[in-house]
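First subunit A sits with subunit B, and in the next complex the same chain sits with subunit C.
Presenting the complex of A and B:
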């Protein structure tokens, strides 16, 4: 095997494939990065039985071939090389990397022991990479981190024709985002539960690729999702098990009180008041009379309160939330104002949506629902 | 808080409390040795009457040892409903003396007389208050109390110990060290066998010996906090306040079994039941908690503890159950479990609502009610605990007539656990013809009942078939309040 690549092309490709390499591989070969050179194309691949990554770049291939070398070492080297063409040449036991006067010799890993990468499932459709990354980021804030509840560590992707609905919940809040996309068939439907961390990472790194191809299972293998864009392909196993059944009904159907508030000042106030809220104790919110009063702390502990203007329609309401749950939702909206809707009881969840002006009505694109706290007495 | 000059701290301790209540309600046992505790093969003595103590029977002694020391005693399983009722009456009496009452258990409490309306708290006046209290308690409950009073908690407790049984001791202000210093170091709070052993190696046996050591030496020996506090206590400095709100740090339930349990389904059922019980206690005390702990003692006495912490506190039985069962899965139970416990700590007074508890429990058809009341997931018919059973005290399961059907599942667990008869020695029963009495013994399909109550002379003994339809356990029998 012998090929030559530009340094930046190499560094990008290696950094992207190496990012999912396991730090403590179950089998030594899984720490490796696979190099395939053929026909003017060099492909880098990684796989840990959960997530696979593959990127193909153009290069001058003098001698086609395959090699497996330590991914972490290659990534470190590629990052440090001078901006000059990089030449790879390999025999059966080692790979020599030359760049300018720098020269590295790496021992190869047994490529015949390396598992075969899963095939990218057949395409389901395409979506704008930036929109998709934003949507994934918005719902991921609500995903669970408790490995004892594995299904809640996932982001649910539901496809119904031209609409993709992403959802995540850790049982205390629920975030849902709808986006439109271009399905391969207008009547396409499907559901997949993808590990949130993997999907966030994949969507972020594909955001700049323009259109991203989504591949949800397909006839052959139902337990994979594939994402591809800009020469990068990634697959991830799906999470087994049922997500929240019929989650849409968690959104209250009746609204009694709506508050519209400027987000930046609300975020600042919540952060300030929460300084005295130890160990995730609640921040209490009282809406009414053109203002919102925030309070935290009680009894003999430190206390804080603050008021800020709010446009409140409907009867006043007082409730309380874990401040970080509130902040996660507010900061995910990406709009100047927030639309918070309550039912007639402080025991039911608040629905947080973004609006562009104090007079605006929310679109259903992104909804963040947070459960309140209750004083136990 | 400054050191007190009046003997205003009062300590009350009921004399052989459980046994005294049994002797009150069972006239034929008065003057005879009575031992209350777990009657199973691994039971321990909860309380021995003074008659039984003459035979060397002590609290916490294995029941098998108690049986061999005092074979002629009445061995009773205990009626916690009755004990709680008496305890409540006693605590009410204490509250007439002062709003500041710190209960330590059913039969023990501190009272801060300085917080009550007493003009004179001289030793003489306190002696009067104490005697009136003792006679009021005896009049109201027929059990006797020992009362101690002093300028500090440590000495008030020592005083009540000196007063036992049925007495009163007030330690005159100024004489504290004369009382304290000749006593064993074990009288100080925080000195258990381990600490006592450690200082004994230095020749320290009495509190007086301890007072000769410098604080520095004690800190070196016992660590910063413990050493410093003991140094102060040994010199008679104890300004700990009487506090009516004993902030509990955790709420837990545990049970020791008569035989090691290996069957996973039974262990899971047990953990579920304990979790429900913990949730009930959390609710009763207005608490919630973030950390769920499972404790398991293996057949070889290895004790394991596993815990998991939630992002927000909960008081829901199903949540506590779910986590506790997951923790149980992490433990290798194949060689047998002799003790299980479920606890919740990291207590708060608020609950993070859960979006999904309602989804899980609601009918799939109901789509209007979203999350609503947090109570939805807490009490489910199938999860309810048998009566007011208190695992961990060697208390018997509930037997009897009407409730049987509804509690069949619980009784099955109990049967598997304790292999007990529904008729437990000591429990209250009612016969349609002979009236109220108590189970004297049972076995071989028969049950023997003595028909007497607190208000009758010793009554006759009769034997019935164990399934005699005329015989029933009243609702308030073994356990309920």
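Presenting the complex of A and C:
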């Protein structure tokens, strides 16, 4: 095997494929990165039985072939090479990398023991990479982080014709985002539960690729999800099991009070007041009369309070939230103002949505629902 | 008392099979794979499991699940092949034709590279909660190859209380396609909360002749050696394999069996205890030194050592962690080696007791009949029983982390007194 690549192309390709490699592989070969050179194309691939990554780039291939070498090391090397063409040449036991006057010799791993990468399922449609990455990032904040409750560590992707609905929850909050996309068939439907960490990472690294292809396989092969864009392909195993059944019904329909507030100042205030909120105690919010009063701490302990201007429509309401859950939602909105809607009881969840102006109505497809903490008074 | 559980998994590992994947693969391959069930020796329950595999296969096509369920507990005495049976069951469930032994599914399960079969094997003394935390998310995955997502926990009796709790939720309500398989000597070794969720598959000690036949047909060992090994191993397949194939294991056993004949004074008793501990250390060195070095080597190579120019990041941490695990394994190998020796001595006194009571039954150590006769004549059945009791107590004490040398010295003194 012998080929030559531009340094930047190599560094990009290797950094992307090597990012999912385990630092302590269960089987030694899984720490490897596979190189395939043929016909003017060099392909880099990685796989850990759960996530696979593959990227193809153009290169001058003098001698086609295959080799498996330590991925993390190659990534380190590729990053630090001078900006000159990089030449790879391999014999049966070694790969020699030459770049300018730098020269590295890497031991190869047994490529014949390397597992076969899963095929990308058949394409379901395409979505704008930036929109998708934004949407995934917005819902991921609500995904559970407790590995002992695996179904909640996933992001649910639901496809219904031209709408893709992403959802995540950890039982205390629920984030849902709807986006439109171009399905291969207008009547396409499907549901998949994808590990949140994997999806966030994949979506982020594909964001700049323009159109991203989503591949859910449909009925025939529903064991994997595939994402592809800009020459990069990635697949991930799916989580099995029941997600929140009928989650749409969790959003209250009877809205009594709506508050509109500027996000930046609200975020700052919550952070400040939360400084005295002990673990698992709420930041209390009292809405009414053109202002919002935030309070935290109680009794003998440290206390804080702060008032903010707010546009409140409807009867005043006092409720409390875990400050970090509140902040997660507010910071995911990506708009200058927040639209918070309450029912007539402080025990029901708040729904947070983004608005562009204090007079605006929420339009983007993102909704963040947070459960209140019962106030002890 | 299930002190014997120790020797179970480890004898397989330390013997010739499990430790290196290449050996175990080639061993299994030699069977020419008419079926994955060939490796399950002398177990009348196999047809029932095969029926379950058929039911399970039908349920994938929408039929009722029949005898298939989502959590299984394989129990049986050490050496009965609990994890072998669980693996065979796993392969049969993944295989299109019920465990042909030759297709990619069967081969991958055997080699431990099947994406839908996760196995938790502990080489240490207990299963850590962190290991369970890594396993639970795997149990929640949808099968990548479309049949079942299988999670095997070998040595589930080594689950600590908190590790068992961590496992409970997932064993209780796994996704539709997930199957848990736990292995333990007896159902009582598993927390009742988990046990009650499992269907128990009870294995028995395979009869000696079944083990002998297995060794000679599957592993190509000559009939005489196979018969001797099967009898001496008392139905423990892994141990029988070791005795049949490993000269060293045989001579170690011979040494151990000399012990009851050399307990004349205090000095000899202390020497005997010391020699058992030393031999265990030597065993551990023999089994672990090369293996440890090779594992470190493989890990380093995978992370890119030996290459010129740059030292890979994270390598030291990864190697340190591996070495920590290896140290635990060494402790366990030593402990298991002592336990195995004690079982051999126990079997010898059992033979003596049989002679003293005039029971006409096959002697485990038939080849040393003359010496056994002598021992039987020179003592009474009561003292033989007391000696056996002392060995049992020593095994239990060792299980409970007692200092090996002290325990064995005390045992040797009781053996002398009778």
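What we mean here is this: the second predicted complex is superposed on the first by the 369 of 377 C-alpha atoms of A that agree within 3 Å, B and C clash if a C-alpha of one lies under 4 Å from a C-alpha of the other, contacts with A are read in each partner's own complex, and residues count from 1 in each chain.
Here is the rule we use: a contact is a pair of C-beta atoms (placed from the backbone, for glycine too) under 8 Å apart; a residue touches a chain by one contact, two chains touch by 3 or more.
Small disclaimer: the values here were computed from a predicted structure and weren't measured.
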- On subunit A, do subunit B and subunit C fit together or clash when superposed? clash
- Have a look at where A:232 lands relative to subunit B and subunit C in the superposition and call it first, second, both or neither. neither
- Task: Classify the contacts of A:34 with the two partner chains as first (subunit B alone), second (subunit C alone), both, or neither.
- Result: neither
- Message: Between subunit B and subunit C, which one contacts more residues of subunit A in the superposed model?
- Response: C
- First (subunit B), second (subunit C), both or neither touched by A:347: first
- Query: Thinking of the overlay built on chain A, is A:241 touched by subunit B (first), by subunit C (second), by both, or by neither?
  - Reply: second
- Query: So, A:148: does it touch subunit B (first), subunit C (second), both, or neither?
  - Reply: both
- Message: I'd like to know which partner A:4 touches here: subunit B for first, subunit C for second, both or neither.
- Response: neither
- Message: Output the subunit A positions appearing in both contact lists, the one against subunit B and the one against subunit C.
- Response: 148
- Touching subunit C in the complex, subunit A uses residues 23-25, 27-32, 49-50, 69-70, 72-74, 76-77, 80, 102-107, 109, 115, 118, 147-151, 153, 195, 221-224, 237-242
- Task: Would you pull the subunit A residues touching subunit B in the complex into a rising list?
- Result: 146, 148, 169-174, 244-247, 249-253, 280-282, 320, 322, 345, 347-349, 369, 371-377
- Where on subunit C is subunit A touching in the complex? 112-113, 115, 133-134, 136-137, 139-146, 149, 166, 169-170, 174-178, 298-299, 301-310, 312-314, 317-318, 321-322
- Message: Quick check on the complex: what are the subunit B residues that touch subunit A?
- Response: 282-283, 286-288, 308, 311-312, 315, 323, 326, 348-356, 359, 364, 367-368, 370-374
